[in-house]
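We call the chains A, B, C and D, going by the order they appear; numbering starts again at 1 in every chain.
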Amino acid sequence: MIKFQMPNLGADMEAGTLVEWRKQLGEFLHRGDIIADVETQKGLIEIEVFEEGTLEKFLVKEGEKVPVGTVLALINDGKSEVTESTVSGEEIQKPEIHPIEDRKEIVHENTELGERIKISPLARKIAEENRIDISLLKGTGPEGSIVKKDIEKAISEVKKPIKDAEKEADKTKEISVKPSGPTSDAMRMAVAAAMSKSNREIPHYYLEKRMDMSKAMDWVKEANKDRPVQNRLLPVAVLIKAVAKALDEVPDLNATWENGLHRKNEINIGFVISLRSGGIVVPAILQSDSKTVDEIMETINDIIPRARAFKLRSSELSQSTFTITNIGEGGADKVFGLIYPPQVGIVGFGEISEQPFAEEGMLGIRPVVDVTLAADHRATDGLIGSRFLAALNRHLQNPEEL
Amino acid sequence: MTEEEIKTTIFQLLQRIAPETDPSRLMPEENIREALNIDSFDALQFIVAINEKLNVDIPEEDYGKTSNLKSLLAYLTKKLKE
Amino acid sequence: MEKKKKLDSKEGQRLLKQMILIRRFEEKSAEEYTKSQIRGFLHLYSGEEAVAVGVIQALTEADNILCTYREHGHALARGVDPKAIMAEMYGKQEGCSKGRGGSMHLFEATKNFFGGNAIVSGHLPLSVGMALAAKKQKKNNVTCCFFGEGAAAEGEFHESMNLAALWQVPTLFVCENNQYAMGTAIKLTHSVQQLEKKGPAYGIESAAVDGMDLLAVMEAADKAVKMIKEKGKPYFLVCNTYRFRAHSMFDAELYREKSEVEEWKKKDPIPKFQEFLLKGKLITAKKITEIEKAVDAQIQEAIEFAENGTWEDNENLIRFVYSDTESI
Amino acid sequence: MSEMIKITYREAIKQAIRDVMQNDERVFLMGEDVGNYGGAFAVSKGLLKEFGSDRIMDVPLSESGFTGAGIGAALAGMRPIVEVMTVNFSLLAMDQIVNNASTLLHMSGGQLNVPLVIRMGCGIGRQLAAQHSHSWEPFFAHVPGLIVLSVGTHEDARGMLISAMQSLDPVILFEYTFMLNLEKEIPADSGTVEIKKAKVLREGNDISLITYGAGVYKCLEAAEVLGQEGIEVEVIDLRVLRPMDEETFLTSVKKTHRALVVEEAWKSVSISSEVVSRIMEKAFFDLDAPVERLCGVEVPIPYPKHLEDASIPQVSDILEKVNKMLKP
């Protein structure tokens, strides 16, 4: 019997609301099937199942909000039996994918979740319709309850236009210390939680290298020449592929730190996407190393619109093993990222711009990019980091081999 | 297609990409991507959308000619006459 | 004695048949009750037949009748179809109250038969009001209200007597004194047990009669109705009688001796009237047997009708709550 | 837009009585002191002279008796108006109203209508102490078969009786004696009014004030004050307490998302209990705050003025409560 749990879809996820079971009892589940929709701080997420078996029992009802790790359902794989005593809706399991908190803390969180949020029925209805996470709102109604007005305020903030100045300020500081930007409270709180944790727990070290992008840009230009617009490449696809190949050579950076370094078998590159409404999401481009540049571009074309519509799948949100932030393309020369726990590294690309560049005694004007690496000093040392940057540079100088 | 119609189409497409902005308030020589906060992905989507809506293929080497409203309009007007 | 002389063979046989019908109908009802075909409260009239038959024969079809919850006999005497009465007790929608009332609430508006009222004395004010309406409408009809001696202890009895006399309306109050208010003997419930003495206190002409004697009841009732119609005043008639069966089906009869019941059974109004008819050559023994057979057939027909009746659909549950809508 | 006239609540009721008596000779008014005394509250003053003692009938103090007589008269084709001097005495007629008026249609399987209107003076606020300060609207509104109307405005004082007289079912009409001298403007051609629906007396988007009877003018006054503070209050006069028109207040609550129910009756098991329940059942997901109530304090109404005032909701209480609900 398999205990299917509320997955942890990121370091910033503590709980999720089971919105809908997409499978019925008795149905045979295949690996990769969407079993349920879960509402998180980041929106509605399709939850995949990673095992095969028959859906035996639901332990959590639709509409219930439960902490990460809660057993949601039992899937019968024809193997071991689970006794009643070990199975209950409230059971706290050590989350399988990213065990980020110790047991004691989770129990504590659970008690907090147990406190019912005071909210008017109308406000609850509107919140559900607009996917507002009420757990993060402060009520102004009777007894501090959340009322319609509070929900409407939260909605208007999500939809509020972004002032340019504010956004510029955000960009230079990147994801680490965004000021009170105009975003939904929920999203803001999620980013805040993850980044605070990162800054609190991870001893970062930073490396920086300027890389010549002329060959890569020429290669992209050449590739795009005969393509219809729909199939054109963006330089970022090349960057992602190059990072993936570099990680393949320096596997200690494609890892997580959870009481020790755990290398990951797959290279799933998380790609920071800024939302126009504020906030960020980091979907993973799965198995980036085994995809061609074209395939990566296809993935980007698929994933960005979905990310912006909050329609990412659980694996895309939970399985990244390393992160790229390309936010520099908005104008900043350099980006120093904060690592997304429990990963151990993040690479930041600044704006690709024409700069004087000396090579082999010659000075020329070339498109260059300033690449930074922030890495977890618990997991690796600077040497590993610089080896990674060197590998990355080498791949960018040989785009045709990507 | 008149220049005004092209302009309207451009605004519609930009609005779709950047729904919270008001493209009609763009200054003729203002950099569109900067003004409306459009990243490279959205910029490409914009080019794709122009292609689909107006059937104008903007090759990559011409991207520079489409950076502000004035040049983009001129470029598209010219292309549409061809 | 005027009446006795007038009673012809046909009328005598009709009245005998009514009494036998009531007696057999009640016996059959008891049987059906034990078979669970009839439920709720079932109050039987056996022994008191002479009262209903004797009084109602004095009334015309235009006169109103209101009764207590022990009213099967009155309904039969009034001419309400036995089939509709039995179906009502079965709770079928073919019943005279569409099955909504049961044994205690038999209604037949077309025969001016107004129930079937199960709150003791609650229908007395109604009868005064109906008589008041008749007076206002200048109709010459009587409203006849049957009630037990138990009701005469209620405030509504006294209020009604006062109002009827005050307004001078044509009400015939008929007290069927069967000696017991449920299980409590009259000597335990009334300070003055000659109930007819209560009428004069309100200025109402009153009389008492042997309720076990059909002829006596007929005579008294005829006289009362005649007076009411002539003077437009109320009248109070007390019929002293006895019920042979228990108060209702669930009654151990702890309150009276079997010997007392046996003593009263000697006064059974049916054999007494049969004897009178036989002596006066108004009927033959053979004819009596024929009547009994006809009554049995009629009752059998009523049972079959009730059994074949239909249950009202649950969807119709809230019918008859308001007259112009079926919703509440 | 028709011409407006100034009229007291008393005069409006009297005109209604006169209207129905003039238009239908089956109508008569009976009650304690309605004739020679001119009505305990002078509502029927002069009507005896106009219509005579057959149609304006003084009755003895026997509430059960004359209420029952009214039912009987209605059964027999009349259109009586029974006046129970004050609602306090209605308890003595409760058996007639609950066991007869409301049940006869049903028990008879739809055969018998009781087209009767019972008017009751009620209301609190004249230092009449515990036995004369009752709000029995919830008692009567509990009973299926009755139509229970509450006369909260002058327009209804003028029209409700006329409309009630057209009903084939028994109607209980609650009239508020403390308003008798109150003068208001109503259209000169006021006549029949709708008696199936509640009425929105003032529109607003911020909160629904749901009330009836004595609460109506208090809520309107509070709404006026709140309006000056920028709070838009919707005031709903329930008017029909049974069968309750829920649609009107549910529609309002779905618009305002907040409701306060105001009544003078004791809070427990009251009209407001019913209103709140229905809001919970049918508009729960439209609520942005708990529904609140202002009701009578659960104490026999005391004699001293200040304690009497404290026993029932006042305008100041409504203002305070609304403010608290909207600005927590």
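Methods note: contacts are C-beta pairs under 8 Å (C-beta built on N, C-alpha and C of every residue); 3 or more make two chains touch, one makes a residue touch a chain.
From a predicted model like this one, the values you see are computed outputs, not experimental measurements.
Student: From the Cα centroids, identify the chain that ends up most central relative to all protein Cα atoms.
Tutor: Answer by centroid distance: D.
Student: So how far apart, in whole Å, are chain A and chain D when each is placed at the average of its C-alpha atoms?
Tutor: One centre to the other, that is 65 Å.
Student: If you average the CA atoms of chain A and of chain C, how many Å lie between those two points?
Tutor: A distance of 89 Å separates the two centres.
Student: What's the distance between the Cα centroids of chain A and chain B, rounded to whole Å?
Tutor: The mean C-alpha positions of chain A and chain B differ by 31 Å.
Student: Could you work out how far the Cα centre of chain B sits from that of chain D, in whole Å?
Tutor: About 70 Å, centre to centre.
Student: How would one label the connectivity among the chains shown: line, ring, star, complete, or other?
Tutor: Contact map by chain: line.
Student: Between which chains is there touch?
Tutor: Inter-chain contacts occur between A-B, A-D, C-D.
Student: Along chain C, where are the residues that touch chain D in the complex?
Tutor: Those residues of chain C that touch chain D are 64, 93, 95-101, 105, 107-109, 114-117, 119, 122-134, 136-137, 143, 155-156, 159-160, 162-163, 166, 318-325, 327-328.
Student: Please output the residues of chain D touching chain C within their complex, sorted ascending.
Tutor: 28, 54, 59-60, 62, 64-78, 80, 95-96, 99-100, 104-113, 144-145, 147, 167-169, 243
Student: Sort out for me which residues of chain D touch chain A in the complex.
Tutor: So the residues of chain D in touch with chain A come to 257, 284-290, 325, 328.
Student: Which residues of chain A touch chain D once you look at their complex with the stated criterion?
Tutor: 120-125, 140-143, 145, 147-149
Student: How about chain B: which of its residues touch chain A in the complex?
Tutor: 18-21, 34-35, 37, 39-41, 44, 47-48, 51, 57-61
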